[in-house]
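Naming follows writing order (A, B and C), and every chain is counted from residue 1.
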Amino acid sequence: PEFDQAVLRIPIVGFLEYCLRGIGQVVFMNSPITGAFILAAAWTHEPYLGFSGTIGVLASTLTALVLGFDRGAIHAGLFGFNGVLVGLALGLFLSPQWDVLVIVWTVVLSAASSILMAALGSVFGGAWGVPPLTLPFNFVTLLFLVSALQLSRGHLGDLVEPGAPAVTGPEVQTALRESASAVGDTDAVAVINAIFRGIGQLFFLNSLLAGVLIIVGIAFCSRIAAGFALVGSAVGMLTGMALGADGVQIYNGLWGFNSFDAALAIAGVFFVLTWRSALLGVLCAIFTAVLFGAIASIFVPWGLPALTLPFCFGTLTFLLLKGASKYFTFVPPADVVT
Amino acid sequence: PEFDQAVLRIPIVGFLEYCLRGIGQVVFMNSPITGAFILAAAWTHEPYLGFSGTIGVLASTLTALVLGFDRGAIHAGLFGFNGVLVGLALGLFLSPQWDVLVIVWTVVLSAASSILMAALGSVFGGAWGVPPLTLPFNFVTLLFLVSALQLSRGHLGDLVEPGAPAVTGPEVQTALRESASAVGDTDAVAVINAIFRGIGQLFFLNSLLAGVLIIVGIAFCSRIAAGFALVGSAVGMLTGMALGADGVQIYNGLWGFNSFDAALAIAGVFFVLTWRSALLGVLCAIFTAVLFGAIASIFVPWGLPALTLPFCFGTLTFLLLKGASKYFTFVPPADVVT
Amino acid sequence: PEFDQAVLRIPIVGFLEYCLRGIGQVVFMNSPITGAFILAAAWTHEPYLGFSGTIGVLASTLTALVLGFDRGAIHAGLFGFNGVLVGLALGLFLSPQWDVLVIVWTVVLSAASSILMAALGSVFGGAWGVPPLTLPFNFVTLLFLVSALQLSRGHLGDLVEPGAPAVTGPEVQTALRESASAVGDTDAVAVINAIFRGIGQLFFLNSLLAGVLIIVGIAFCSRIAAGFALVGSAVGMLTGMALGADGVQIYNGLWGFNSFDAALAIAGVFFVLTWRSALLGVLCAIFTAVLFGAIASIFVPWGLPALTLPFCFGTLTFLLLKGASKYFTFVPPADVVT
């Protein structure tokens, strides 16, 4: 332990470790190795996303240090997981890539996510004993994207496209396909794509390989968590199919990424594992998938993405059951060991 | 009492009693008889709504038992009142009637309302000592309806119709009439319809007779509550008329149902009755009616109904006055006797 | 002190003092003199706004007395600052001026703001130890304006204009100008206008002179607060310019008024002044300006104004940092001395 502490006193090495832990904390893994796998997945899939996520986690962790927030939380990566997601999201939704102003917005908004994390941590922890999850990331990113609609320096890309809500259900094509123009029915290849892209999409990486890398990174830290991640992504996909959702969305993992993180949180992290808590994780994955459909539909007028709001609301709902049932034993955030 | 307990141990009879109490709890009456009157009103007005509400209350109460939630609360019907409303609402807003998939959605979403009830009960009870009222029903139902816009198996009926907000006030016809095509001015018959349909509409029953049956059911348990129910519905109607709201909406009870439940809650249940608390109930009914107009207008882009969100926000606002004034004596939810 | 108390027992004089303090409390100054300056600014700029704000503060303060709310809070003006803003806002957004029904709505809604103040004060104070700021004003005003879209007696003016969100950023003209038809680039005169109109706009007074009067009124009570007010307004303006916002909006103070009150609250009132807390106030002003852009964009479908929601959410976020960092010493609302 003394040697360990000495290493941590070397500022740069320690700081980079907090950042990698921060990346791992998106999937509740307090481990630099999980973080490294995820970061590798991002750089491999699309170098600019890797870069954007990296500056996000650096900026948010540094901000927390400068503002004097809780050291223990910073070391555990709790001021990094929102920042890396802000970076990845803005890397995807702003354009063009490598633009100076886009990078400035990314740094500033990642830094802001740490302020919001501290504020929301106090709101949620104080009154209810639950963590704010990725709400700081969602709020910061969505607020910037919606304001950017009317800003000449907002640098919005094509993925944000305002529209008018309408009853489009009857025209929805439900066969799992990569794109609207692709042909073919739902088959095993499509299902495997949906499940693993559903893992990758939590980090805005629409890629089967990225999904595999992330699962390996999680499994390195906790095989149970990795198992529930896959189950959660599959449950999200199945819920989308049962509801008759757009097959292109499902194929590309959009119905899986919120559900996978929700199942992992409930069944693999915050409740002591029993067959009942495993079932609760599956229920939470279903609930979260329905929330994804709802939030995506609510956001149509502004063309905003649902991001991980469904995960936040779904997981918080099930976390709040902690005092409501004798069947489930809650593990307080401070005692979570992964 | 020993005989009573023996009866309650017979599972089916006891379970059905909890469910009937659950229906009664929508109007804060912990009484199977009030519940039976309301259920009779639903079956009489439209058998499918009676059926849909029945499976809703069965599913939500059963879910609470299976998940091990608080027995006392289940027995008092507190895990049934959201479920019956989910059932009735989906019976009205999904189509066609008696469709297998619609029934499946109704069962699943009613069950989900119990999970949300436990979670929100912990949020509201822990931090503020107030109950979540019918928020679980509102959230579950609205989230499904809005997501169903884009789902091929959403089975949305014609009542959900997205549109664009506009300044339509100047063209509004304010005379109380049954439909846009009906002729005639506001008269005593129209006023009586508005008040009693305002009672029935809390259960999605647009019927004068249903309103009368429900009032009788409430009066069986508490004549004071029944009185404030009628006063609240009348105040809601009058607020709508004063604001110059659409007369067809008012005639059909849409400005009354939230206000009636709000007045009943504030003046008849949660504050010790004095002339001041009676006045507070009237103020709450006015406040709630304005909220109905606002929420209905906010929901225009997605074509969603306001449901009982106005009741929830209006009543919660006035419940939260409990510590603010020396004039009002609050009755904690656990001590409410009706 | 005995003489003082005797004066306060003369009801009218005491009551008017609470009202003037209430006006001062919008900028956190518990001083009738600050209030008198602000009121003078309103009457000078536009007599109807002065009248409308006056009846607002009278109605809300009187309501709090009648409902038996906390005397100390009433005397400090805490039941007046929402009311005066409701009055000023409805004076601007409803039409025509001096209409009897518009005045009735103003009185009723200002009164309602006191009920919401008591309720939200209990919500925020109990769970988190922070004040609800001007949220009661925002909720009451926005809810009425949005419902008025569909009310024949809503008396909405031309400033509320529903539209469809769209990517309008690329066409935005960023030069600071008084109106869309004005010519010329951003110059020192435009900048001075933006900063001082940004002060006046908190009270819906689009006037350089009003801004000067308000700053003088604040400086009478606290020169530090007045300084941060100007800094905050300038920071809001600069944030708008950096983001490439509409120059007409910036010139007319719309990017300044939320940021000025936020900077004043954080750097001048709620944290003990250090160079770090001064910097925190600047960060809060930037954060609040981004929130203004976001909320204005979110409200486009209904044509609603952002009012002071950005100030509320921005300031609350930074207030909630009170327990998160060793660098900042929080002054509880009850101990605030200005």
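Criterion: a contact is a pair of C-beta atoms (placed from the backbone, for glycine too) under 8 Å apart; a residue touches a chain by one contact, two chains touch by 3 or more.
Small disclaimer: the values here were computed from a predicted structure and weren't measured.
Undergrad: Where chain B and chain C touch, do the two copies share over half of their residue numbers, giving same, or under half, giving different?
TA: Here the answer is different, because the shared fraction of interface numbers falls below one half.
Undergrad: Between chain A and chain C, how many degrees of rotation does a Cα superposition need? Round to steps of 5.
TA: To bring chain A onto chain C, one rotates by 120 degrees.
Undergrad: Taking each chain's centre as its mean C-alpha position, how far apart are chain B and chain C in Å?
TA: 36
Undergrad: Can you list every residue of chain B that touches 2 or more other chains, as numbers and ranges?
TA: In chain B, 127, 164, 301 touch at least two other chains.
Undergrad: Considering only the defined contacts, which chain A positions touch chain C in the complex?
TA: 67-70, 112, 115-116, 118-123, 126-127, 142-144, 146-154, 156, 160-162, 164, 301-303
Undergrad: Using the touch definition up top, name the residues of chain A that touch chain B in the complex.
TA: Residues 127-128, 164-170, 172, 174, 242-246, 283, 287, 290-291, 293-294, 296-298, 301, 316-318, 320-327.
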